[in-house]
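Common to both upcoming complexes is chain A, partnered first by chain B, then by chain C.
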Partner chain A sequence: MLVGLARSLTIALGAFGLGLVIGVAGALGKLSGGAVMRQALDLYTTIVRSVPELVLILIVYFAGADLINGILTALGQAKIDFNGAIAGIVVLGVVQGAYSTEVIRGAILSVPRGQIEAAQAYGMSSWLTLRRITLPAMLPFALPGLSNLWLIAMKDTALLAVLGFGELTQATRQAAGTTKAYFTFFFAAGCMYLLATMISNLLSRRLEARASRGMAHV
Partner chain B sequence: MSSPPDAIVREATARGGRRWLDAGTLTPVIAALLFGAYAALQMRWDWLGTYYPLLLRGLGMTVLLVVVTSSLGMLLAIPIGLVQVVGPKWLALPARAFCTVIRGTPLLLQLWLLYYGLGSLFPQFPWIRDSVLWPILRQAWPYAFLGLTLSYAAYEGEVFRGAFKGVPKGQLDAARAYGMSGFLMFRRIWLPQAFKRAMPTLAGETILQLKATPLVATITVIDVYSVAAQVRQQTYLTYEPLLLISAIYILMAVVITKVFARLSGQGHDDTAFRKS
Partner chain C sequence: MEMLHADGIRKTFGNLEVLRGVSLTANKGDVISLIGGSGSGKSTFLRCLNCLEHPTGGEIRVQGEAIAFKPDGHGNREPASKAQMRRIRARLAMVFQSFNLWSHMTLLENVIEAPVHVLGVDRKQAIDEGLRLLERVGLYDKRDVYPAFLSGGQQQRGAIARALAVQPLAMLFDEPTSALDPELVGEVLKVIRALAEEGRTMILVTHEMSFARDVSNQVLFLHGGLVEETGAPAEVFGNPKSERLARFLGSFH
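Right, the complex of A and B next:
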C-alpha cells in the first residue's frame, strides 16, 4: 500500500505539472491567440469540464494508445505496451490542463492592466513581460484555485484503479480482496489520502501567504 | 471570477466580434459537422438497436441519482453549513470534521468502503441479517445513494458555510429589530439570501455531482456509464459507446446549467448583494 501511495503521489505530481504547462499555454492562447485558437481551446475546456473524468480517462487512454501505436506502426516500429504511470500522468494531465487553463486565465485577467503596460513602457519584450511581470503577479490569484486542483489531482488518481493501475486504491483493493478485511483496508487507505490532503492544505496555506506578501488584503 | 477586466474583455468581444460568420464562430461549427459526419459514416452504430432499452434504463438511473442525491445532500448541507457558523462547538466540530474527511478522500474509495467494507461487515451481525432491511442492504444501490449524498452534503456544506457567513450582519440585525423570532428570521431573511449567494456555486457543484455518478458503476449499480462499458465488452467497440455517453453527459450538464439559470433568475437583484 505504501508503494501504491508513492505511485499515486508520483502520478498526481506528474499530472499536476503537465496540467500546469497545458494551463499556462492554454490561458495565453485563450487570451492572446487568434479566433480559431480561442475557439479550439474553448471547445477543449468545455468538453473536458463537462464529461465525467472516468469516461474521459478511458477515451484518452484508448485514443492515446491507438494514436501512438498508429504512429509507431506508420514509422515501421513495433507496438509498445504502455507503462502505467506514464499513461496515468498523460491522461490526468490532459484533464487537469483544462481546469488549470481556466484558473490561470482568470488569474491573469485579475492582474492590473497598468502593470503590464508599465512593463511594455520599460521596453520589455513580451516573453520577458510574461516571465517577470505577468506570471509572478498572477500567482497569488491563481494559488487558491491551483491548490484545489492539486487536491483534485490526488483524488483523481483513484480513478486509475478502474483501468487497473497499481496505485493506492487498486493496491488496497487487491490487499482487501486477499485478506477479506475490506473495511480495515479501505479505511486505512482513506486515512492515507486524508493525511496527504491535510499536509497539502498546510503547505498551500504557507505558499499563499508567501506569494501574497506585500499585497493589501481585500 | 467576475473581476472588472473580465467584464471589459467580454464587452469588447460583444462589441467587436459579434459578426455572425467570422472564423471564431465557424471553427467549432465546422469541427462539429466534420466530426458528426465522420462518426455517422465511419463508426458502427448498429449496436444501438439492441442496447437502447438498456441505455435508457441506465440514463434513468443516472438522472435519478443526480436528482435524489443532490436534493437530499442539499437538505443535509444546510444544517451542516449553519452549525459551523452559529452552532455550539460540539456541533460545529463534527460538522467541520465531516466536511474535511469527505472532501479529503476520493469518492471512489468512499463508495468502496461503504459497499465492500460495510457490506462485508454487515453479515457478521445476525440481527442485521434477520431484519426486514436485509434484502435492501444486500443490494448495491443504497450504498451508491448514501455515498453520493454524503459527498454532495460535504461539498455543499462548505458552500453554505461561506454563504451563511456572507450575508451582511445588518440584514439580520434589521430582522431582529422587526421582532422576528429566530426561526422566522432564518426562513425569511438568512436562508433566501444565503441561497442566492450559493446559487452559482451550486450549479457547478451539481455538474460535478453528475460527473461523479459513473463511479457507482464500479459497485455494480447500472447507470448509463456501466451500460456503455457493457457494450464495450460485448461488442469490442471502444469509442462509439464512450463518445455517445460523453455527448449525453454534455447534454445533461447543459440542462443542469439551464435549470439553475432559471432558478436563480427568479430574483433579479442578486448583483446588488454581491457588491456589498
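Right, the complex of A and C next:
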C-alpha cells in the first residue's frame, strides 16, 4: 500500500506539473493568441471540463494509446507498451491543464494593467515581462485555485484504478481482496488520502502567505 | 543638444482622430509642460513618445536616432524593430498617474529591476545606486516595504526613483499628481522640482498650472489634437493669445 501511495503521489505531482505547464500556455494563448488559437483552446477547456473525468481517462488512455501505436505501426516502428505512471501523468495532466488554464487566465486578468504597461515602458521584452512581472504578480490570485486543483489531482489518481495501475486505491483493493479485511484497508487508505491533503494544505497556506506578501489585505 | 524630437505625431483610434499632428523638441535640460483639457490628446501624445501608443503618423527621434515604423496590418503602424524600441524605451523613463509600481516587489526591488534585468547592470552596483536614489526621494527607510503599504505620495516618489535608476535621457511624467490626495501633492512636486533644477530633460503632462509655470521653460497648450498655443510659461500663462487658452486658464481660478 505504501508503494501505492508513492505511485499515487508521483502521478498526482506529475499530472499537476504538466497541468500547470498546459495551464500557463493555455491561459496566454487564450489572452493573447489569434482567433484560431483561442477557439481551439475554448474547445479544449469546454470539452475536458464538461465530460466526466473517468470517461476522459478511458478515452485518452485507450484512444491515445491506439492513436500513437497506429502512427508507430504506420511508420514501421514497433508498438510500445505504455508505462503506467507516464500514461497516468499524461491522462490526468490533460484534464488538469484545462482547469489550470481557466484559473491562471483569471489570475492574469487580475493583475493591474498598469504594472504590465510599466514593464513595457522600461523596455522589457514580452518574455521578460511574463517571467518577472506577470507570473509572479498573478500568483496570489492563482494559488487558492491551484491548491484546489492539486487536491483534485491527488484524488483523481484513484480513478486510474480502472486502468489497473498499481496506485493507492488499486493496491488497497488487492490487499483487501486477499485478506477480506475490507474495512481496515479502505479505512487506512482513506487516512492516507486525508494525511496527504492535510500536509498539502499546510504547504499551500505557506506558499500563499509568501506569494501575497505584497498585498495589503490577506 | 537635442534629446527628444517628435514631428507631426498623429494618432487615430478607429475613426477617432486624437492627435492631428503634434510636434515638440526637447533639448538637454528642457522642462516642457503639456497642458489642456481632458480629451485634448496630451496624455496620448506623451504615450506616443515611448511607443506605448503606436503613432499613426509622424516621426520620433531620440538623441538623433529615428524610431523605425512599419504597417501593422490593421491600418496603423508599429515599431519595425522590437529591439530598437526596447532599447529606446529603457532610456525614456515614464512616471505614471497611478504609479504602477510592481506589487510583488519591495521598493528597492522595484528600483533595481530595470537596471538589472533590462540594462544588465551588476546587481550589487544597482542596489548601491538604488539605495542612493531612495535616500534622495526620502524613502531610504522604506526600501524593504511593498508598495501596497505605502501612501500614494510615497509610491509616486518611489516610482520617480525607479525612473531615475535607468539614467534616463528624458523623463516622461503622465499627470504624476492627479491620483494623489491634495495633502500629498506637495511632496511629489518638490521632488520633481529638484529634478528640473538639476537640469534633467523632462516632459510633463500636468494639471498643476502654477507648478508648470514655475518649473517649465516651455509650455504647450493642446486642444483637439493640435498645439493651440506654445511658448515660454510667462507668455502662455501671462498673456494667452487664444481665447480657448484664456478660458482654460480661467477655469483654474
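Definition applied: the second predicted complex is superposed on the first by the 217 of 218 C-alpha atoms of A that agree within 3 Å, B and C clash if a C-alpha of one lies under 4 Å from a C-alpha of the other, contacts with A are read in each partner's own complex, and residues count from 1 in each chain.
Going forward, contacts are C-beta pairs under 8 Å (C-beta built on N, C-alpha and C of every residue); 3 or more make two chains touch, one makes a residue touch a chain.
Just so we're clear, the structure is a prediction, and the values are computed from it rather than from any experiment.
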TODO: For A:Leu128, select first, second, both or neither according to whether it touches chain B, chain C, the two together, or no partner.
DONE: second
TODO: Between chain B and chain C, pick out the one touching the greater number of residues of chain A.
DONE: B
TODO: Check whether A:Gln120 is in contact with chain B, with chain C, with both or with neither, and answer first, second, both or neither.
DONE: second
TODO: Return first, second, both or neither, reflecting whether A:Ala137 touches chain B, chain C, both chains, or no partner chain.
DONE: second
TODO: Name the contact category of A:Ala6: first (chain B only), second (chain C only), both, or neither.
DONE: neither
TODO: Could you tell me if A:Ile71 is touching chain B, chain C, both of them or neither one (first, second, both, neither)?
DONE: neither
- [ ] Could you tell me if A:Ala209 is touching chain B, chain C, both of them or neither one (first, second, both, neither)?
- [x] neither
Open item on the list: So chain A touches chain B in one structure and chain C in the other; where do those two contact lists coincide?
Closed with: none
Task: Footprint of chain C on chain A - complex, ascending - done: 112, 114-115, 117-125, 128, 132-133, 136-137, 139-140, 211, 213-216
Task: Complex contact set, residues of chain A against chain B - done: 34-36, 38-40, 42-43, 47, 50-56, 58-59, 62-63, 106, 109-110, 113, 151, 155-159, 161-162, 169, 172-173, 176, 180, 182-183, 186-187, 189-190, 193-194, 197-198
Task: chain B to chain A touching residues, read off their complex - done: 1, 3, 5-6, 9, 17, 22-25, 27-28, 31, 100-101, 103-110, 112-113, 116-121, 207, 210-215, 218, 225, 228, 238-239, 242-243, 245-246, 249-250, 253-254
Open item on the list: Which stretch or stretches of chain C touch chain A in the complex?
Closed with: 50, 52, 82, 86-94, 96, 98-106, 113-114, 117-119, 146-149, 162, 166
